[in-house]
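Each of the next two complexes has chain A plus one more chain, namely chain B in the first and chain C in the second.
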Partner chain A sequence: MSDATVEMKGAAGKPIRGKLSRDDIIMRGSMLVIGLYLLITMVFPLYAMLSKSFSTYMFDLSAYEVQVSDEGGATFSEPVTFADLNSTLNVVTEGDLNAGSDGRLGVTQFFPDFSFRSPVNYRIRNTSDTGRFLVGSTLNDTTNWVELDSNTFRRVQLRPVESRGLDNFRAYFGTPALSNSIKNSVMIATISTLITVFLAFWFAYALNRSCMRFKGFFRLVAMAPILVPSLLPGIALVYLFGNQGMLKELLFGASIYGPIGIIIGSVFFTFPHAFLIISTALSISDARLYEASVVLRGSPWRTFWTVTIPGARYGLVSAAFVVFNLVITDFGLPKVIGGQFNVLAVDIYKQVIGQQNFEMGAVVSVVLILPAIVAFTIDRFVQSKQVALLSARSVPYAPSPNTKLDWTLFGFSSLIAVFIVGILGVCQFAALVKFWPYDLSFSLNNYQFDRMDGGGWGSYYNSIKLALLTAVIGTAVIFFGAYLVEKSNGFRTGRTIFQMFAMLPMAIPGMVLGLSYIFFFNNPSNPFYFIYGTMAILVVSTVTHFYTVSHLTATTALQQMDREFESVSASLKQPTLKLFSRVTVPVSMPAILDISIYLFVNAMTTVSAVVFLYSPKTSLASIAVLNMDDAGDIAPAAAMGMMIFYTNTAARIFHLIASRGILQRTQAWRSR
Partner chain B sequence: MTTFKRAAFIGATLAALMSSAAFAETELTVYTAVEAEDLARYAATFNETHPDITINWVRDSTGVITAKLLAERDNPQADVIWGLAATSLLLLKSEGMLEPYAPAGVEKLDSKFVDGDNPPAWVGMDAWVASVCFNTVEAEKLGLEAPTSWQDLTDEQYRGHVIMPNPASSGTGFLDVSSWLQIFGEDDGWKFMDALHENIARYTHSGSAPCKLAASGEIPIGVSFAFRGAKSKADGAPLEIIVPSEGVGWDMEATAIVAGTAEMEAAQKLVDFTVTKEANEMYNTGYAVVAYPGVAKPVEHFPENLIDAMIENDFEFAANNRAAILSEWSSRYDGKSDPK
Partner chain C sequence: MNVTTNVDSSYLKIENLWKYFGKFLALEDVSLEIAEGELVCFLGPSGCGKTTLLRAIAGLDLQSNGSILQGGKDVSSLPPSERDFGIVFQSYALFPNLSIEKNVAYGLENTGRSKSEISERVAELLALVGLPDQGKKYPAQLSGGQQQRIALARAIATSPGLLLLDEPLSALDAKVRVHLRHEIKDLQRKLGVTTVMVTHDQEEALAMADRIVVMNHGVIEQVGSPTEIYREPSSLFVADFIGEMNQIPAVAGNSGEVRIGETVMKSLDHKFSDGEKIIAAIRPNDIIPHGDGARSPGAEDTIETDSNAIEVIVDEMEFLGAFWRCRLQHAMFGERELIADFSINAVRRLELNEGSKMLIELPKGRLMAFTPSEAAA
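Up next is the complex of A and B:
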């Protein structure tokens, strides 16, 4: 694999440095390979997208020449360009010359006395090979003269040529229909964040700081939304609050299609993410602080604000930014229930799929990356400020029973559980009903996916294949990459750059990643062109999309291992890779299993990154949900969504059993 | 893809060597926007006479397939396009992406269904026609009268009860808008849409969704196409399919060979088949109007007066003004209507 790299590194080594051992060379070579992987699957595509956003189309009036005949139709005038004609007539302004890739400009406006009945004939040609014009719908891209009568000449349309500039961005911010989405997206994300973090905080509080009953059940329920695509709550909301909804009276005439629907659905699908982070923050606390507060006669309220909240603040901030990022970059939910309420992620889809305007799609992507990156940077910054809450002398906090509080929190948690289970239950019910709302008898008709537009059962099997491949390949690549970053010696710059690359995917919305893959990989001159339209590109995009969280899990696990293992193995003259396979991997097994199930579940549910990349042969279950909903087949969409849910649940259970077995073998050393 | 094809070829060769009775298989990548449930039937009918050609379908909605083809302009993946809107094929033609070919027997088709060039760049199959799906049960609950014309739909009683596809993403939506501009003329067409916009609940991404939503009673009136309405009605939805009196827009599904295909011979065989009487009888199962004169039998639940109501559609106008119409439409109606 790395023979060439080894040679190259060997030649580049400066004489001053200590001699690199064979191990170092292998480690650096491997790091280069994985670094190269991230470069190709992320940095280059993003660059291709950025460059696309500056690619504009202009009508070049000087690229065409015309001749006009006299009334006899045979004697022609000297050739003139449209630019010459326009300089005297001024029929089109500079702004009119900007166009999309499918722009067209009629030519008769340059001839004030044009009449399609006149006997005058016209000749037109391109002055260069790049020029293009249409007669009717026939393309002319040669420099030969084309002679046309008046009646045909009116059907001539000029085509724009490619150039570069900021015009796309100018057009974007000059079109309120487009730029309003920025405001909409930020508003939706902010409100959803506030609600989710508030709910998740109290839910996590109930689970960590009270003596409420059925904690295990609540924890299980809270994690359920992670197992379904984000658009599934949208479908459930249609059944609950749509015009034929079971509970539509509860909305008092407001429409679920729009911000209300997006916010409710967003709270559903982001809840587990916020809950996990806040729960971790709340699970660590020092009982001595609470004792001090009691001794100082602090009221429970005061204790809450001066001890509990400050202790959880990093978790709260982190949860807020994660939720904000998830909501603003989510595409499935607003697509299903957004109605006429435009948001950025859906705009990208509309521009690219609906209007084939790839340039504008790239512009919206650039706009969408900005808030995502800001949220991401602030979060990383805040996290870096975090200091250890738990010192060696800390005493873990143990909640004491408090009937009133416990039951209040139980009631609150039950409401959340009803909300989550209810959404899933409604979807399952809808999937089984024959023809909502006119025929409520049960049938399995909605599971006949092969009769619907969306890829049929094949797409479901494709999804499982994608999820398995992503889990296996992704875990291998990501864990090994994390190992190299954590455990190799020297090569500081290389490691820092690698670490930066590994953090970047978190800030890149899935839609943007998918679109950038089109620009980069769907290009015959790209040596990786062959993966376009295959399962491989779906695996690559999914691994890259979910790289960061897996990478962080792996590094955290690896940091817990003393670097002395490496020193010992080096002094015993054992190759690092042997150490890696014999010690590091078995010891880190829990983390490795966590990464693989994380990748599996996300590969099953992801829509945004793959929606631009699937081909009919590699259609996916999550895409099928989207497309069936799109075509109005809402019940089958719910049915497929629930198939994803059951598959992920099964995978989770399998993961649990497998982990138990594997952990018993590999982790026996942990207990004496 | 090419490696895949090579692998497939090697596989096919091996298979041929192993069993002497095997056919020399040719694989054609065919892009289509035909409804999923019809594809298997189309391929099976074709294979009855051409068992040696395997069709690999690439199916998606009109907009997506068009986008895909345009994106692959410099390195086309498709061999044949079978069943894509003529307006889309005109766009592809204007990019020089279609291989002109006169299929055997093309002269028997209604000339309205064949590209004007000689040899034609594309050949039509069947027409899909706009109409209005009207849910009688929900209408009665809401006290709505059945509309009989496009102008009726602008009446105040229908406020919030009409749904139509977004022309920027749906071929059906675009044929509606382009037909209104042709029926009412440019200025009155936009005036009509301004008024209609007041009554629209929302614009859907797909062209069949409005009728399915009308069928499920979600929105009582869906501007969609007749074929979809007839299917939902056959499924038991309380629908009435209304043909507005001013006339209805239509587009046709058409077939073309993609320029640069490596499988020209097989592609021509397929296109030859698509214009046969047999193929047109096959289209007739779902479409009341087909290219081969005298073939069409009435389709169940199809409104009777539909064919007479089809307007004289100027496809060139629609294709060449598409960008301008869509940008005007978007600036008028897209995003301005945020529900409050």
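Up next is the complex of A and C:
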């Protein structure tokens, strides 16, 4: 329908322009609304952050002119700039001229004879329209002369001018204390990835390829870490190996505060993610390949390397990048147990919350985005390859008993289970003990959150509210958005852009998202300024943070649906939205429930994005764990962490029962 | 059956339709008229544009240029929901979570019909497609053929003026397919609804269509009744795509003559000038075996055109149940062999064996001449 068609072979007459049906208009309108939502909640904030990282502030002494009067106060000297004055006096060095966005520079230092009691008058003006200075709190940005007595002149402060450039990045890479974090983060992420993928592979192997017992139990245990915030294993490790730890001797004098602690904790919280991916890869292997290998007299060892590993290689690579990404972007764990060991995610927090240096926070964010985007891109590429492995004629592999192998794998899996349950058990123990290690009697004192910092029980209820709102609103927005992308007609450019927006959040670390929200929303001239500091911004940020995985789940479910439903519905002259509610939603109910529980659990445990965005009124349980730990109330922090665990467990059980019920009602057609 | 189309009574009128997908030309200047009540088949190999044309008629994929008139109304740029048609897809696209009744009733809702009217109409439709008792079941509980009929019932529920069938039978077993062919045809006659069906199965098209539209590379090759298409193909492509055809490189003689090798044979009249390279073509079952007892006892075996009779060697024989397929050798065909289908009786009476010599005739009324060009795969 483009103009180009006319020039091509033969076609005469003017090209046909389709008339849009009411449904088309509704669907395009809705897509525009959700696309706009993603634009405002992600693209604009990220842009604000990026531009912040390039903005530098500097006092420009040559941009101001002053005149000084004689003692009579009426006859003024020739105008001079502060730069002229400074060149003779040297009161301000080059380094002093660098400033933050809030920088102020007093001017009396340029006048050695200055006294606020003297009758001397001063005149000051900007030499250009861009100059700014304050008199008290009044901003002057014109080139008109302002005449002031000396008592007022002492309250004149110069404001820095903003410019764009790479100075922030130069400063960052010129400061080893900061740029060392890159090395640290990459090292931690790499080591954690190797360990996690190795352990998760054998665990998944045991569950999919052996005849060991209690597989259901092991599977359940492996998924438990997903239900707690990433900083919880940090607390457990403090109890186990900290200065007063139960098993401190096992470290032979090494400190748990630092890389060791971060790595152990990272293995704990990334384990289920790696396990899920590798387990899927192992579960779809084709038994016929194993039969072929046996027939060709391949040894088990050879079979393992020529059949098992190649079959699972995409899963392994994908798992590795997912784990790498999770570790390098995680904030909670290194905050709790990192000690003096700096990593990127914590640097952002320190720069922003500790030093109020927003520009430097933005720079670290940009640095952190890069490895995350690389890992994300490779992961997407590998995932797209995985699909081709499954052919309809594959025969599922059924393991046969092998006593020695089965018991070895059982032993290995038990160790993993002990590790996971142990970490959770230690937290629960810590929460219940009165005062470790001096008074080991049990009490519920640590659950009196209202007596601690961190927002008390209120923050726990806030978390539940956030999780519910995120689950309901997020599922609705994300599923409907995915439906529009998948099933609307034409409008190809719009759909491609939307799809890109939907994939972006996965590559954006939570800390970066949170910080970019500060830059974008905490700005009185932004029409959405009003949501800053409310529950709304927490919901919005959490939905955006976890958008991609949910979007992909929805897309996959929708792609499995017959492509012609919409055409049939249109030919029967029924509105598309009727089809959506009568057919699409009921048929996709399993995916919809999966999305909602995913959002709920993540909203309960997330720390990274919301840590910049909560207000005293909207403190959250996960944040409370962080803050209580920070304040030294480690036992209550553990108690709150376990509250999150129990809540998520309850939510999962509820989800299971609810899905059974709903499935029985809406999916009756599935059974023959 | 030959339906003559009167220009004024045409129900669906397609004029100069073009369709591009990017730079790919999917339909090239397609014009076609379909009369009211007709069943027309779009037939062609995959990628020939038949489905594109159907989707343009439905408004699902709008054409780039050209117009479509339905019942005298220009629907060229209307979205599907504002056109008047029912459609059955290859996948049937039955709503899996709605019962059969609900599926059929889907298009009847919100049309001002009362609940009892709707359930009456649904019962009527289910009876019409021969599945009166299946209303409470879900689609997954029915066989493929039953699902197909439900899809049909759903498509005709609102009595649309036009019924579009997109490869409706290709997902079914061979036997069910043959059975449903007749059912659909009967139903279409009973309702008198103008129907367009897309298929790549020539047998299906020959059995069902009032008229066949043969398409290739986005162009209509020929439009005609099944017998016309079969007996008088207008191009080598059509000749080869519908049924089977021996293709013999030859040179044209005067009209009514072709030269194969050194032999001049009588043929149907053609438009080629003397000496032009052509393809001489004849269907395997049009080749006449000659010799004592080739005809049924008592009938006299006469050669109609002497110049068209040749002696060949039977190289290979293949028994195909209803007839024998023989590969015949003769110097004039060079390396190629002529394929001929002989009846079982003829083979028995002529005592044909591999290696036998025999006399055949290429009847002049069946020997055709075509421009040498690509043939269907």
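Basically, the second predicted complex is superposed on the first by the 562 of 672 C-alpha atoms of A that agree within 3 Å, B and C clash if a C-alpha of one lies under 4 Å from a C-alpha of the other, contacts with A are read in each partner's own complex, and residues count from 1 in each chain.
Note that in this section a residue touches a chain if its C-beta (ideal position, glycine included) is under 8 Å from a C-beta of that chain, and two chains touch if they have at least 3 such contacts.
What you see is a predicted model, and the numbers here were worked out from it, not measured in a lab.
**Student:** Tell me the contact category for A:R104 with respect to chain B and chain C: first, second, both or neither.
**Tutor:** first
**Student:** Chain B or chain C: which reaches more residues on chain A?
**Tutor:** B
**Student:** Touch test for A:G216: chain B only (first), chain C only (second), both, or neither?
**Tutor:** It touches nothing on chain B or chain C.
**Student:** Scan A:K573 for contacts with chain B and chain C and give back first, second, both or neither.
**Tutor:** Touch status of A:K573: second partner only.
**Student:** Which partner does A:G661 contact after superposing on A: first (chain B), second (chain C), both, neither?
**Tutor:** So A:G661 meets neither chain B nor chain C here.
**Student:** Touch check for A:P527: first (chain B), second (chain C), both, or neither?
**Tutor:** Neither: A:P527 stays clear of chain B and chain C.
**Student:** Which residues, counting only chain C, touch chain A once they are in their complex?
**Tutor:** Of all residues in chain C, those touching chain A are 16, 18, 20, 23, 25, 28-29, 58-60, 62-67, 76-83, 85-87, 89, 91, 93, 95-98, 106-107, 109-111, 138-141, 154-155, 157-158, 160.
**Student:** State the interface residues of chain B toward chain A in the complex, per the touch definition above.
**Tutor:** It is residues 1-4, 35-37, 56-61, 63-64, 66-67, 70-72, 74-75, 77, 90-91, 93-96, 116-117, 137, 166, 168-170, 201-206, 208-213, 215-219, 235-238, 316, 319-324, 326-327, 330-331, 334-339 of chain B that touch chain A.
**Student:** Given the complex with chain C, which residues does chain A contribute to the contact?
**Tutor:** Touch residues, chain A against chain C: 1, 5, 8-24, 562, 564-565, 567-574, 578, 582-583, 586-587, 666-670, 672.
**Student:** What residues on chain A touch chain B, complex-wise?
**Tutor:** Residues 99-104, 134, 136-139, 141, 155, 157, 159, 175-178, 180-181, 184, 238, 242-244, 255, 257-259, 335, 339-342, 350, 352-356, 358, 435-439, 450-454, 456, 518, 522, 524, 529-530, 532-534, 615-617, 627, 630-634 of chain A touch chain B in their complex.
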